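Each of the next two complexes has chain A plus one more chain, namely chain B in the first and chain C in the second.
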Partner chain A sequence: MNMSLVDILQSGWIGMLLRGAGMTVFISLCGIVLGTAIGIAGAAVKVGGNRLARGLVGLYTLIVRSVPELLIIYLLFFGTVQPAADLADYLEWDELMSSAFPMLIGILAIGLISGSYGVEVFRGAFKAIDPGQIEAARAFGMSRAQCLRRVTLPQLLWYALPGANNVWQNALKDTALISLVGLVELMRAAVLGAAATREPMALYLMAGALYFIIGLFSQGLFVLAERRFGHGMRRAAA
Partner chain B sequence: MTSILRKAALFAAIGLAGLSTAVSAATLKIGTEGGYPPWSMVDASGKVTGFDADIGNALCQRLDMKCRFVVQAFDSLIPALQAERFDLVISGMSVTAERAKVIAFSIPYATEDSAFVLPKDSPLIDAPDQETIFKGLEGKTIGVQGGTTQGAFLQKFAPGITLKTYETQDQMQMDLSSGRLDGTFSEVTPQSQFLKKAGDRQFAMAHHVIKSSAAPEVLGLGIGAGINQRNVELKKKVDAALCAMIADGTVKASSEKWFGVDLSNYQACP
Partner chain C sequence: MIALIEQAIPVLIEGFWITALIGLSSIVLASVLGLGSALMRVSDNRLLSGCAFAYSTLFRGTPLLIQLFVLYYGVGAIGAVREQPALWWLFSDGVRCAILAIGLNSGAYMGEAIRGGLQSVPRGQIDAARACGMGRALAFRRIIFPLAVRQAFPAYSNELVLAIKGTSLASTIAVMELTGYARRLMSQSFLIVETFIIAGILYLAINMFLLGCAHLVERRLRIERPH
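After this line comes the complex of A and B, so read on.
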């Protein structure tokens, strides 16, 4: 009665899983770009902003980090689905809205979640830069912008890499939660395939392997990035 | 020159308006679970198939609309319908009083009974009524799918049974196969499909099948399509179309194709 692995491979579900994996990577990448922007901006505010702005950023990281990711996704989805539908009706973008909406929510959710962790990662990186270097740069007559571009940012990225790697891996896995609101990414493709083929173990193992491959590949990229940006920096451990 | 431009713009605007109203008016968006064979499932190319897909497609044909299926987890279907993410839910959903508080339902186009799957050697397989089964299962752990009427039914009528709730049918059935459950309670069709696949060696279906009419207040009045309560016009059209589909045998043909039996609810229409 059981399907063999060969049957499953031939049934086309591999293609569906690969398309799902593509969606997972796409959502994670868009989300992490948004999250990095939020993280750097939030960290800059926390380091140098006024009291009100610092308080607002603190409130955001506190709320988003203490509420389960799934709940954030549900709140974003069910909180905006009605106004989004009204807007789409008004603009007559019904078709577009219906297919793009879970994707937008996914990117927004991953961005907000990874951003909240990113704030602390980048704040740590800001703090790790010796203030003496910035004083020296200013004393040489660099403007604030020059100082940011030539002294602060290059070091900031390097110091933030290990923490950012963690945030990225979590973002990658958080995308699985978006499957519950109708986005067919890797996890959802595996669930649908498990039901249709009645071979849950095989499908879930394949999905697990694909997540692992994506994780492994991005891990490699982070190692390369640490080497690349590490030129001329002291080693963290040494 | 300006008048030509203005005319061109006018034509473009008329064309666009015509195009977009033609598309939006003719599309019926249907929410479905996609993970509940043979009611609702998705094939490897992403196409929605199963009994409910047939019902949906036949319905769209009758209403002269274009079908578009939106696949979402079962638990999120009702909130999404309320938020008007789609027009209809067709997903093997039982019509219950609880659900009817928040959404409207079409006529129940199909009915299905529920049954226990238990170890083959259990004496309860031959139990004559539900009271005997409930008594025998006291203190045992039974698996149900989350958000289903079967779970609500056991909670109400057999509080002595420990319930374990699962996201999907296969997670529940895997746990049963690996011995972490004393049995499962679900609709007859997924249960018999599981037995067919498992090869009937370890498990069997209890002969006493529980009819929806035994407790319509929790088990529901049959399977219906969910409709937003504000959409009275659509309910009228859907009801008429479903009645016509029961009468002309469309529902029967799909049911026999997917389940091997006729689940059409002939009592639903006057």
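After this line comes the complex of A and C, so read on.
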């Protein structure tokens, strides 16, 4: 049974794919926020922490970066699925559990993975900030928190933008792996659609096109951000 | 507990060899594709460079999982492919399909690395080689390629690790490799963290081995400069 493209368009799977794409973007965004926090914290430790803390951050980045993303997702999923089910049972939140659990796993996984790459990005950005500026801010009488908010963070984010773009693009593509533990995002919607319409080629190509468009669009946003926030700044040396 | 771990280790090692097979084969394929597409990218022929650009952009802009599913479930469902024995041989088997998908994906990234190397060769070096009477091919072999390889090598060796990590997706098309066995052990036993640690060490071992080889090659490639 061969369906024409028109049949597929009318069968409602396009809407399903678009809803999936929405979930993909949502998970990527939440994951990248967590990853950015992990990245900045990890970079701060690597720049100014003691030996033990530096070693722990180094171990985290080594493990997460050399082990496949899928294996990390399986660890998070199988490691928490039983306790989470027990907890949901106890609290009688079974319905919430079945929909929210894969999402939480997805956000956590994307956060941990993008965070491990973020550490290096933000470490480079920390090093690009002239220490004289921080000394000057402190000499003006700014507290550490004020100095962080007014001097360090704005420049840190600017210097990290090009690297963060890479991390974001990878995070976006890594969300496809969350489909394997049951989250209905773009990839999972395509798999379900392929099974229902028996047109795997069309569904997977459309899903691929959607990933590509999301990536292209966010790439444009990064370019805009670099232009918008780039006034009076120089580029970080590699 | 210890007995269970003792049972798990040989299973994971069996998967390890499949992972190594898929990983190394796809790295060879990706290196060829990467070099080819990088040469096309820097060529003066608009059509060639356009094709290479499209290849690189599409394969880097979509998830590997989609590419794998398009090749395995999509191409494998086309009637014409099923009737062609050579094509069917390629697309009916999970391992061969995984090698093709990971090779194509990783080749796009390696192509970018190699292109960077080719473009970093100073124009003057090429002009000088041509002025000495070298033909295009000879100048490429003796001057451009050796310089480009040194420049591209660090980025290229990063891609080796990513290709090995990519092999884990073969488990999604029913190829039992390291991650496939690890998933089975995690879902059937309580040895979740233990399985992760053993599988993780095995992945770390392949990656360290490849990075070690890359380091040796990089040392051999280094130019000794007189002080």
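Keep this in mind: the second predicted complex is superposed on the first by the 233 of 238 C-alpha atoms of A that agree within 3 Å, B and C clash if a C-alpha of one lies under 4 Å from a C-alpha of the other, contacts with A are read in each partner's own complex, and residues count from 1 in each chain.
By our rule, contacts are C-beta pairs under 8 Å (C-beta built on N, C-alpha and C of every residue); 3 or more make two chains touch, one makes a residue touch a chain.
Just so we're clear, the structure is a prediction, and the values are computed from it rather than from any experiment.
Following the overlay on chain A, a clash is recorded for the pair chain B and chain C. By the touch criterion defined above, A:208 reaches chain C but does not reach chain B.
Within the superposed three-chain model, A:223 lies out of touch with both chain B and chain C [touch as defined at top].
When the two structures are aligned on the shared chain, A:128 is found in touch with neither chain B nor chain C.
Using the contact criterion defined above for the overlaid structures, shared-chain residue A:200 touches chain B and also reaches chain C. In the superposed pair of complexes, A:184 makes contact with chain B only, with no contact to chain C. Touch criterion not met for A:87: it reaches neither chain B nor chain C. Once the two complexes are laid over each other on the shared chain, residue contacts for A:12 go to chain B alone; chain C is not touched.
In the superposed model, A:78 lies in contact with both chain B and chain C.
Chain C is struck by only one stretch of chain B after the chain A overlay, and of the options 9-17, 63-71, 153-161 or 171-179 that stretch is 171-179. Put simply, chain A uses residues 78, 179-180, 191, 194, 198, 200-201 to touch chain B in one complex and chain C in the other. On the side of chain A, the complex with chain B involves touching residues 1-2, 11-13, 15-16, 19, 78, 81-82, 85, 92, 94-95, 98, 101, 179-182, 184, 188, 191-196, 198, 200-201. The touching residues of chain C, counted against chain A in their complex, run 58, 61-67, 69-70, 73-75, 77-78, 161, 164-169, 171-172, 179, 182-183, 186-187, 192-193, 196, 199-200, 203-204, 207-208. Those residues of chain B lying in contact with chain A across their complex are 20-21, 23-24, 27, 29, 34-37, 41-46, 68, 70-73, 75-76, 79-80, 83-85, 168-171, 174, 193, 196-199. Those residues of chain A that touch chain C in the shared complex are 62-63, 65-71, 74-75, 78-79, 173-174, 176-177, 179-180, 187, 190-191, 194, 198, 200-201, 204-205, 207-208, 211-212, 215-216.
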